[in-house]
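The following pair of complexes shares a single chain, chain A, combined with chain B in the former and chain C in the latter.
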Partner chain A sequence: MTVKKFVGEDPKSVSIAIEDRFDFSLHQQFRDAYSSSNNSGTRFVLELAKATYMDSSALGMILLLKDHAEKLSGEVVINNPSEAVNKILEIAQFHKLMTINV
Partner chain B sequence: MSDLPEKRNAKLALVVDDSAMQCKVLSVLLKEEGYRVFSANDGARGVAMYIKYKPDLVLMDINMPIMNGYEAARKIKSLSTGNSLCPLIFITSMDTDQAFIESIDAGGDGILVRPFSPAVFKAKIKSIQRISDLYQQVKTLQQEQQKDAELAEQLMSEVIESRNYALDKIGIVKKAAELFSGDIQLTALCPNGNVNILLGDFTGHGLRSSIGAIPLAETFRVMTKKGFSLFEIISQVNQQLYDLLPADLFLCATFVTISSHDESAYIFNAGLPDVYVFSEQGEIKNQIASCHPPMGVIPNLLPDTQLTVIPINDKDRVILISDGIVEARNEQGEMYEFARFEQAAKHGVINGSVSETVLTSVNDFCQGMPQEDDISLIDIPCDGWEQTFAVNNAAENIAEVHLNDLYDDSNSAWRWRLALTGARLSSVNPIPMAMNQINEIEGNAEHWQSLYTILTELFVNALDHGVLALNSELKTCHEGFAEYFKEREARLKTLDTGFVEIQLSYHPFSNGGRVKICIQDSGKGFDLKKHYKQRANKINDAPMLSGRGIELVEQLCESLEYKDNGTLVEASYVWTT
Partner chain C sequence: MVNFRLTLILAGFGLTLLIGINVLFIQIPAISIVTVLLLMAIFAVFFREHQSQSNQIIELQAQHESIDVEIIQHTFTQMNTLISKQVVIVETELERVSDLVRDAVGGISESFKYLQNLSAEQQEMINTIISNNKNIGDDEHTTLESFVNDSSKTLDNFVGVIINTSKQSLQTMVYTDEMVKQLEGIFKLLSQVENIASQTNLLALNAAIEAARAGDAGRGFAVVANEVRSLSVNSSELNNNIRTEISLAQAIIDKLRKSVEEMASADMTSTLEAKDKVGLMVEHVGNVNRETNCVVEGLATLAPQIADTVAVGVRSLQFEDLTFQTLDSLKHNLVAIESLSQQLTLFDKNKGNCTEQLLDIQQQCEDLIEHSEHADSNRSVSQSSMEEGEVDLF
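Here is the complex of A and B:
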């Protein structure tokens, strides 16, 4: 279980990659990955290609990230969710709340 | 016993050593560290004193008469339950690997080999005390969490779910995970005999997952009882949970209304696995997937939100599940998945025991693996939800002296009037408002249920066939009902003209009363003569799907009359006490 954070040359683009299980145990790590990025208009890209599982508390964590992004007038984009993870995003109808690039 | 305690609140240490000299030396060092000290000279006495004084620390020699240190340690460790670790350190001169290994095996938390300096002894005591304090902290937190989880579970089952409706007909499986995970099941009766069902799954575990449960249950029950539509309830629940819960807490839920009257199920799924409709033969007739983010995520429902309307037969069953079932795991880490659920549910439908069959199948699959999430299933039969009304003969029971009162329209105790126009007709449901007025003025009473049905039927007729000009012929077949519903939604959305006016007047008399209802609409009306003729003929015909509402109203009312080319209906409801 890992959370990796990359800030590109443009500080307004923050990429967060999750590997293995995306669940409550990542709570603190996940929050740490975005809470210090406070530039207005920041785009947070959540890379979920290597996440094999996601539970409902992970959905909650994504909503907290979305709140954070919206306070900065930024946005959250989810990239390449694995099949299992995409199914969970679909049941929760998250594509109606944010951009999901399958 | 020696060295009586000096400080009341100091920690207690027990020194077990057959050498009085050693006891004395260790006691002095321990007292310098602020301990009160007791000592014993053999293992058996050590155990006895442990039981008596429950010390915070035990220092144990290995070679002693009567009972050696290993045996005493095993006894003591088997006795120490509760919150404290009660660290036990062996003090010995045996500097061998064997002594070290056996000490730990016997339950010791450390070993100190002589000779050692006072400073090393004190450092060892400090380190072991630090671990012990941490252990106690963890234990206390764990117990508090356990208490919270129990409270949450008790809240759900005793306070909230015990008030559910029709538990004899609706099958509910509820198997909480070891750490309760926030599943909630609610059922409630609508005033017109329909039944509303909710299966919900709050995010999180324990008490955190149940804080939304009480307001949810309250809203669901009260709004159902007052006659609000399922859509209005969903909209209110979403808004309420959005206001109430933090951003990462929400409710995945399915809402269902079963209406025997409409022969339809109204279904809404926000974040839970598919809802299933099974035929009597165990075939899957419909699967309704999640179509909306969970409740409490966004402030208002998405603009295109709609209920799914499914035509149902008497013997159909609607089955709701939470993800705990399909995600249950076996020892190999495989999940139970939908295919196994569908198979088990099919068998269950055929042999008439959906809950038991599915639960047995899940248990067999999991082979006793600990359950990670709550497991919930609701199995709803589609028959037997019609409201049974006896034909209302109240007017015949009125004493002759009151007959004049009965037909006197002038002396009403109160009158209530509401005219809705244009877009307000699609956003406001006037029936709960009318019922609320009646309840506020006259108090709660059994016979208001019939009045609710009369008002609902007459208002819906005025809106649907008057203002919206919908053709009731559509409702002559099962599939037509869903189409009718869709068309109705579409027309309501763009409605900007027209009106419906409701007037109630209340006429009390000594052993009962009468409510006069007038509902007028802006529609074109219909051919009154043809209408009455058809109704006269229909009495001998087989019951039809459309027009059942009016038949029911006719049975309940003392009089019912269409006027003004069918745009005005006057009904009179009478009851005696």
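Here is the complex of A and C:
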């Protein structure tokens, strides 16, 4: 389980990739990945293609990220969630809260 | 010759009756009874025509006075015997037919009555199903469908609560981490305080040395220096106590972290399965509802059809009345045949004028014919078809 952060040429676009299990053990790394990005209108892209499992704390983390993005008038986009992860996002009705590119 | 034809006719009459009874035994439809009765009526008419022919023959023979009176009387006696026997047989068979019809109609009536009750019960059950299908039975008219939909919503709310709890727990985690940083800050401050205490201690030691060097003049100052030193020792102790307390607080915070982690991490797999099941249930309930509605509608149209069919059956049971009336009228015909037979026995060769006696018999025959025709026109069976009237047997 790893959290990788990529900041592109445009500092207003932050990409965070999660691999394997997305659970509570990542909370510190995950928060560190976004809390320093304070540019107004930042777009946070969550790459979940390699995330195989997700529990409710992961959903909570994404919501906190969303709060952070909203404070900056930015947005959160989830890219390529695996089937299992996408199902959990569906139950949580995250499709209504943010853009999810399957 | 006459005797032979009469026997033939009566035998035919009896045979027809027997066939009719056999048919009746197998199945009871009113049509076969009516057919049998029609055949019997035809034979009765044949018999009457034959009777008048034989009367004419007797008349002719009497006129010519060339016939043997003895033979006539003997023939009449034999005819009488035969007719009497046949009449008894026909009467017995008529009684049997009556009994059979009565028994059969009784059984059919009972079964129709039972069928009507069953049909009513069935209708009631269908009504119950319809009302059950519409609501579960509470005052809010909850249907099974709305219940399942509510369950789905409740599950969504539950998921929402879980996620919100996780979010809040993670937020708590952030605060906790900040608190830990604060505690680490306090530790740094404490080591500064520790520094100050040891410097004070050193200062007090220096002061004591300086006081000793001053001799008697520094004696008072030595006491003050000593007090300052013990203050520094006390402050060191206090410092250590604070450090211990804060360490305990840190241990408690570690426990808090564990607890918050548990609160934040809920496995969603079971919720996922539950959600899938509820989805399947919604679909299933929809299907069952649709199918049940179809079947119930079908049943609702079937029930009145059953009632109608039973009503037709009940109406058809009027054949009992019609049959009894017809059988009764046949008994009248038998009485006519019997009285004719009686007339035949009155012929006595020793009584004198044979021609007159024969003419008497002829007259009696004419009376019987007239009486029979009168009775025929007044036959109590006025209904020729069972479709015309309605009889409620129950």
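Keep in mind that, in the parts below, the second predicted complex is superposed on the first by the 102 of 102 C-alpha atoms of A that agree within 3 Å, B and C clash if a C-alpha of one lies under 4 Å from a C-alpha of the other, contacts with A are read in each partner's own complex, and residues count from 1 in each chain.
Note that a contact is a pair of C-beta atoms (placed from the backbone, for glycine too) under 8 Å apart; a residue touches a chain by one contact, two chains touch by 3 or more.
From a predicted model like this one, the values you see are computed outputs, not experimental measurements.
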item	value
Fit or clash between chain C and chain B when superposed on chain A	clash
Which superposed partner A:87 touches (first chain B, second chain C, both, neither)	second
Which of chain B and chain C A:54 touches, first, second, both or neither	second
Partner chain(s) touched by A:96 [first = chain B, second = chain C, both, neither]	first
Touching partner for A:63 - first (chain B), second (chain C), both, neither	both
Touched partner set for A:31, first chain B, second chain C, both or neither	second
First (chain B), second (chain C), both or neither touched by A:23	second
Superposed model, chain B segment overlapping chain C, candidates 310-318, 328-336, 508-516 or 562-570	310-318
Chain A residues contacted in one complex by chain B, in the other by chain C	56-57, 59-61, 63-64, 91-93
In the complex, chain A residues that touch chain B	56-57, 59-61, 63-64, 66-67, 90-94, 96-97
Residues of chain A that touch chain C when the two form their complex	23-24, 27-28, 31, 54-57, 59-61, 63-64, 87-88, 91-93
Complex contact set, residues of chain C against chain A	156, 159-160, 162-171, 173-174, 177, 261, 264-268, 271-272, 275
Contact set on chain B toward chain A in their complex	201, 203-204, 247-250, 252, 270-273, 289-294, 297-298, 302, 323
